[in-house]
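Shared between the two complexes below is subunit A, which has subunit B as its partner in the first and subunit C in the second.
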Partner chain A sequence: MAACDAAGIDIPRFCYHQRLSIAGNCRMCLVEVEKSPKPVASCAMPAGPGMKIKTDTPLVKKAREGVMEFLLINHPLDCPICDQGGECDLQDQAMHFGSDRGRFTEMKRAVDDKNLGPLVKTVMTRCIHCTRCVRFATEIAGVQDMGITGRGRDSEVGTYVDKLLTSELSGNVIDLCPVGALTSKPFAFTARNWELKNTESVDVSDALGANIRIDSRGAEVMRIVPRLNEDVNEEWISDKARFQYDGLKRQRLSVPLVKGKDGGFRNAHWSEALLAIQQALKGVKGNEIKAIAGKLSDAEAMIALKDLMNRLGSGNLQHEAGFSDLDADVRSNYLMNTGISGIEKADAVLLIGSNPRLESPVFNARIRKMWLEGVPVYLIGSQVDLTYAYTYLGNSPEALTKVLKNSDALKRLKEAKRPAVIVGPGVLKRSDRDAVLQQVHGLVEKAEVVKEGWNGYNVLHDAASRVAALDIGFLPSARASAAPPAKFVYLLGSDDWQESDIPEGAFVVYQGHHGDRGASRADVILPAAAYTEKSATFVNTEGRAQRTKEAVPKPGDSREDWQILVALAEVLKQPLPYKTLNAVRERLAEVAPHLQHVDEREAPIWLNGEYFKAFASKAGKAAASNKEFRSSIDNFYMTDVISRSSQVMAKCVQAKGSMRQGSYAS
Partner chain B sequence: MAWRSALSKNLQELRVHLCQSSKGSQGARDFVLGSYQELKKANPKFPILVRECSGVKARLIARYDYGVEQNVPVEGLDKAAITKELEKLVKKGESMPRSTESEGSL
Partner chain C sequence: MASAMASVQLRVRDESKTGQNEPLLTISAQQCQWPVPQRSFATNSHDVFNVHHHTPDNNWETQFDFTDKNYELVSEIISRYPANYKASAVIPVLDVAQQQNKGFLSLAALNRVAKVLDMPEIRVYEVATFYTMFNRSKMGKYHVMVCGTTPCRLQGAEGIYEALHDHLGVGYGETTKDGLFTLGEMECMGSCVNAPMITVADYTKGVEGFSYNYYEDLTPEDAVSIVEQLRAGKSPKVGSQHRGKAEPVGAVQSGKWVSGPSGTVDTLVGKPRGPYCRNLDEPPPAEPKKEAKA
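Then we have the complex of A and B:
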């Protein structure tokens, strides 16, 4: 079949999928091969030299018609109420290859629907047993939850016992299902696919920057589906990326709010809100101002905020994802140097302080793919189910020291041609980060992770805005630590700040799109656009700049983040030298030119470990505590304001909780 | 050389733009390879942002207080010449107006 695809000839198929193993059970791809007495299933037939394949003979046509007739025997005629209608492989192919009349007079079979949790809706009567979902779950997602039970007419796809699909990638079976057996539960009966507007955008639920397509109708995001990008997400996205969109409709901030004397918020005009900020800033010295950027902030907003703060005389810039004081000097020090797709070239992997299954499930599927091909995986971190087997080396800096001294793992990494070390946020967020990083650097040098033509030092981030913040230098300037306690704090979509970041009595401005922790602490609230409502730049964990696009209009009176900051600068009499989006982007290029190369990845330079040496002298002899490594994410389904506002994500948390308690019914 | 440790005194941020492979950026690459460690050791908390991008013209950008920036093209210059340019930028910082960003100890 691959040979026919390459030759540009379309062969109908249901069970075949290029990223899954070959099953050969739908029989739709039958073709005639010369000298073969029977038609053969082209998906399972290797093409040989001189082989003559016929795809449009009467025999092939008859075979396809016959297969289609058999498939339709037990397929219900409920296309008008089926969510797959309009994008259904079976529907299309029945129109194309099916017979024009039915000969069927018996009864159709019926199958019980399965409960796969709050995300995937099942109508199992529609199932044609292509087993794509089963193969996806076992091969890609790595959960042995699904399978076929029964034989012949009684065979059913499902979970063997009543059980939820426990993968963070479960939503992808919806795209894989060629019929309407597995459809999206939140999307059920809400829209028809032909009435949706498609916008190609980028996901911000983790630092992977998965490419997505936002399907919207009017002002509403109806669903989110993946977009193919071999270098980033292949064709998968995580459940959070796919299903958190209902959070965009809840808890939204749509008008500027100012806190009155009685402590309650009242609606205000933009000018009032900005003047209130101006009033509050009177008498506040420059270094008493602090800004904290959130996990979902885009590069344009962060550069505008940085420029404004610098003009006000403050260098006190933080990012809520922790480790604000990490140097951003050399890009290779905070990026995934192999690239996301490049990691597959590695022949040994060591994870340090990372749980990629929660931090970036799609990336985790790549590691699983490598593991299936025989690449050994080592782990220093919490011992959890990563969907693949690994050699556990311990869960503390002490274990790292042990590995460093002398161990099989070190030897194995050293022997590997292209070893990769992945440092997770579990390391970067530690208070004794410098000491741990120094050990990691030592390991990288000892195991020769960086060599001619290969840089295997990788950092996996967990927040979409983190890399852009580092790229543009959104970090405290040299004397920020000496600044007096802040009297004025500007939260740019930040809701996960530490209590110690905001001193009591400080005047707080929250600019963002959701009413959450940040907004409840604020004195002035400025409503901004979410990632589906603006064109903004995000940089993923491998340093690839990507842009979201405006899919739906902004709610109420909200504005884009950079516009708000430009207007505020105007009111504060510190005008910023840009007024249009393009001008902001030119400014971005002035600061970090690679942000202008959208969708491309600028290879970071390594500097021959110069950074490590400088780092070593700075870190000195700091001692690592013996605290265990912990992933930065406890609850995969709720990591930022959007997913926290999403009811679907809340149902996932609940379902997972009830599963742990042993009651599978929900 | 005293001006090296004055880097964090007179400047707020230094950015080095360079291309990973172009000939014009060769000097800038040599400069970063040769001087980065020394500069960082003299100014451990000072941000020296090396930003590489294919096809970009090599330049030094100094940020002073109040967000004032000075942009010096160093395309085609060699390491010694770039060091001199940097020294000039640091000297210039002495006479720049100071904001509260420069207050406090390092």
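Then we have the complex of A and C:
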């Protein structure tokens, strides 16, 4: 079949999928092979030299018609009420190969619907037993929950017991299902696929930057589905990326709000709100101003805010819940140097303080893929189910020291041709980060993780905006630590700041799209666009700049982030030298040229370990505490304002909490 | 379906309350007589469903563990297979579990087998639901199975079923009220020469005393008598009820044993006609040598 695909000939299929193992059970792909007495299932037949394959003979046509007739025997005729209608493989192929009448006069079978949780809706009577979902769950997602029970015409796809699909990637079975047996629960009965507008965009729910397609109708995002990008997400996306979109319709800020004297917010015009900020800034010195950028801030907004703050005399810039004092001079120090797809070339992996299953589920599927091919995985971090087996080496910096001294793991990494070390975001957020990183650097050098033609030092991030913030230097200036307590704090979509970041009595401006923690602390609220409503640049964890596109209009009076900042700069009599989006991007390119190379990955340069030496001399001899490593994400389904506002994500949390864990009677 | 399904919980899916697993409606045996389900099965498995439904004797809380003696047996079974293919032992180990667990595999038993063999639970569920000789709901102490394949049918298997049905008051897939007998149907067991036949799986004595005996050449009265002897705790005669050795001395015809005319066996006598098989012990005759032409 792969040979036919390469030759540009379409072979109909249901069970075959190039990323899953071959099952060969739908029989739709029958072709005639010369010298073979009967039709051959092309998905399971290896192509040989000199093989002559016929795909359009009467025999093939008849065979496919026969298969189609059998498939339709037990398939209900409910296309008009089926969510898959219009994008259904069975529907399409039945149009091609189906008969105009049925010869089947017996009863159709009926199957109980299964409860797979709040994301996947099941109508199991429609199932044609292609087992794509079973293979996906087993092979890619690594949760052995789905299977085929029973036999013959009584077989059913399901979990046998009442059990949720406990994977962060479960939504992908919806795309895989060639019929309407597994459909999206939140999307159920809301729209038909042919009335949706498709916009190709980028996901911001984690730092992977998965490529997505936003399907919208009017002003509403109806659903989000993955887009193929072999280098980033293949064709999977996480459940958060797929289902958090209902959060975009709740808790939105749509008009500027100004806090009155009574402490309550009142609606305001843009000019009023901006003037209120101007008033508040009167008499505030430059070093008493502080800006904090949030997880979902785009590069354009951050550069505009940085320029504005610098003009106001402040260098006190932070990225929320992060590691504001990390030295970002050398790019290879905070990026995934192997690249996301490049990690598959590694032949030994060490995870340090990371739980990729929560931090980036799609990336975790790649590690699982490698593990299935026999790559050993070592873990220093919390001992959790990562969907693959690993050698646990401890959960503290002490364990790291032990590995560094002498261990099988170190030996194995040293022997490996292309070893990879993955440092999780939890490590960078530790208070003793410098000491731990020095140990990691020591390990990297000792195990020869970086060598000619291979750089296996990887940092995995957890927030979409973090790499862009580091790239453009959205960091506190050298003298920021000496600044007095801030009297004016500008929150650019930041909701996960720490209490100590905002001194009591400070005037707070919140610019963002959701009314959450940041907005409740603010004195002035400026409504901004969310990622589905603007064209904005994000850089993913491997340093690939990608752009979102405007899929739906902005709600109410909200504006794009950079527009708000440019307007504010004018009100403050500190005009920024750009007025259009292109001009902002030119400015971005001045600061970080790779941000202009959209969809390309600018490979970072490794300074032959010079950076490590510089880091060590700067950090000095710091002792690591023995605090345990923790992932930066506790609750996968709620990490930012959008997912926190989403009811679907809340249902996921609830379902996971009420689920029976593991085996019950043993 | 008296005791096999004493209480059935109906689950009605409510889209608005996703994630809540409480049954909306619980029907107990006292409240209603559960209708005998139409067995539209392609196979004659004892179980109606291919998914798990909680019952009082098989639910989340049910416990199961192998006895020490059976653990020995299980580890012996596992040792027959390569260490990295432990899952190969799933069928014999499930069999041991079924014998120990009084004839059926509860959810707990399936999970225990999965644990013992380091398999994902679903893979064990798949095997247990595929094979019809694994029962997944409560069984009687004796599982009486009537052969329903063509030769037995021709020799009166339907009469055997009717006799047992009338005598025990249960149909296929059902268990008598005293919990002693479960009636079932199965496919050819290879005793066609002594058709019709029944098989009784005896779950009263655990794994050690487990027996799976054939009772052949049955008349309806024989079948009833076998069941009655079992009820009385006796051991009925195993094998053919009417002939001593394997020879054509008679057959069951129209529910009665009809002996062949004694001494005048006139079928299958004498030397059968050829062609015969060549003698396999002797080397084949040498091919005639081709004479070399001058």
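Throughout what follows, the second predicted complex is superposed on the first by the 658 of 666 C-alpha atoms of A that agree within 3 Å, B and C clash if a C-alpha of one lies under 4 Å from a C-alpha of the other, contacts with A are read in each partner's own complex, and residues count from 1 in each chain.
Keep this in mind: contacts are C-beta pairs under 8 Å (C-beta built on N, C-alpha and C of every residue); 3 or more make two chains touch, one makes a residue touch a chain.
Note that the structure is predicted; figures quoted are calculated from it, not measured.
K.L.:
Please tell me, clash or fit, for subunit B and subunit C sharing subunit A in the overlay.
P.N.:
In the arrangement built by aligning on subunit A, the partners subunit C and subunit B fit side by side.
K.L.:
Using the touch definition from the top, say if A:Asp112 reaches subunit B (first), subunit C (second), both or neither.
P.N.:
A:Asp112: touches subunit C, not subunit B.
K.L.:
For the overlay on chain A, what angle lies at subunit A between subunit B and subunit C, C-alpha centres, nearest 10°?
P.N.:
150
K.L.:
Who does A:Leu176 touch here: subunit B (first), subunit C (second), both, or neither?
P.N.:
neither
K.L.:
Check the residue A:Tyr160 against both partner chains and state whether it touches subunit B (first), subunit C (second), both, or neither.
P.N.:
The second partner, subunit C, only.
K.L.:
Could you tell me if A:Tyr611 is touching subunit B, subunit C, both of them or neither one (first, second, both, neither)?
P.N.:
first
K.L.:
Rounded to a whole Å, what is the shortest Cα gap between subunit B and subunit C in the overlaid structures?
P.N.:
Here the least C-alpha separation of subunit B and subunit C stands at 48 Å.
K.L.:
Please write out, lowest number first, the residues of subunit A touched by both subunit B and subunit C across the two complexes.
P.N.:
On subunit A, no residue contacts both subunit B in one structure and subunit C in the other.
K.L.:
Sort out for me which residues of subunit B touch subunit A in the complex.
P.N.:
On the subunit B side, the touching residues are 8, 12-13, 15, 17, 20, 29, 32-33, 36-37, 40-41, 43-54, 56, 61, 63, 65-67, 71, 99-106.
K.L.:
Over in the complex, which subunit C residues touch subunit A? Could you list them?
P.N.:
Interface residues on the subunit C side: 13, 15, 18-21, 40-43, 49-52, 60-65, 107-108, 111-112, 114-115, 120-123, 125-126, 129-130, 132.
K.L.:
Per the contact definition, I'd like the list of subunit A residues that touch subunit B in the complex.
P.N.:
285-288, 307, 310-315, 327-331, 471, 473, 475, 477-479, 481-483, 590-594, 596-597, 602-605, 607-608, 610-611, 613-614, 617-618
K.L.:
For subunit A, which residues count as touching subunit C in their complex?
P.N.:
So the residues of subunit A in touch with subunit C come to 107, 109, 112-115, 117-118, 144-156, 158-162, 185, 188, 651, 654-655, 658, 660, 663-666.
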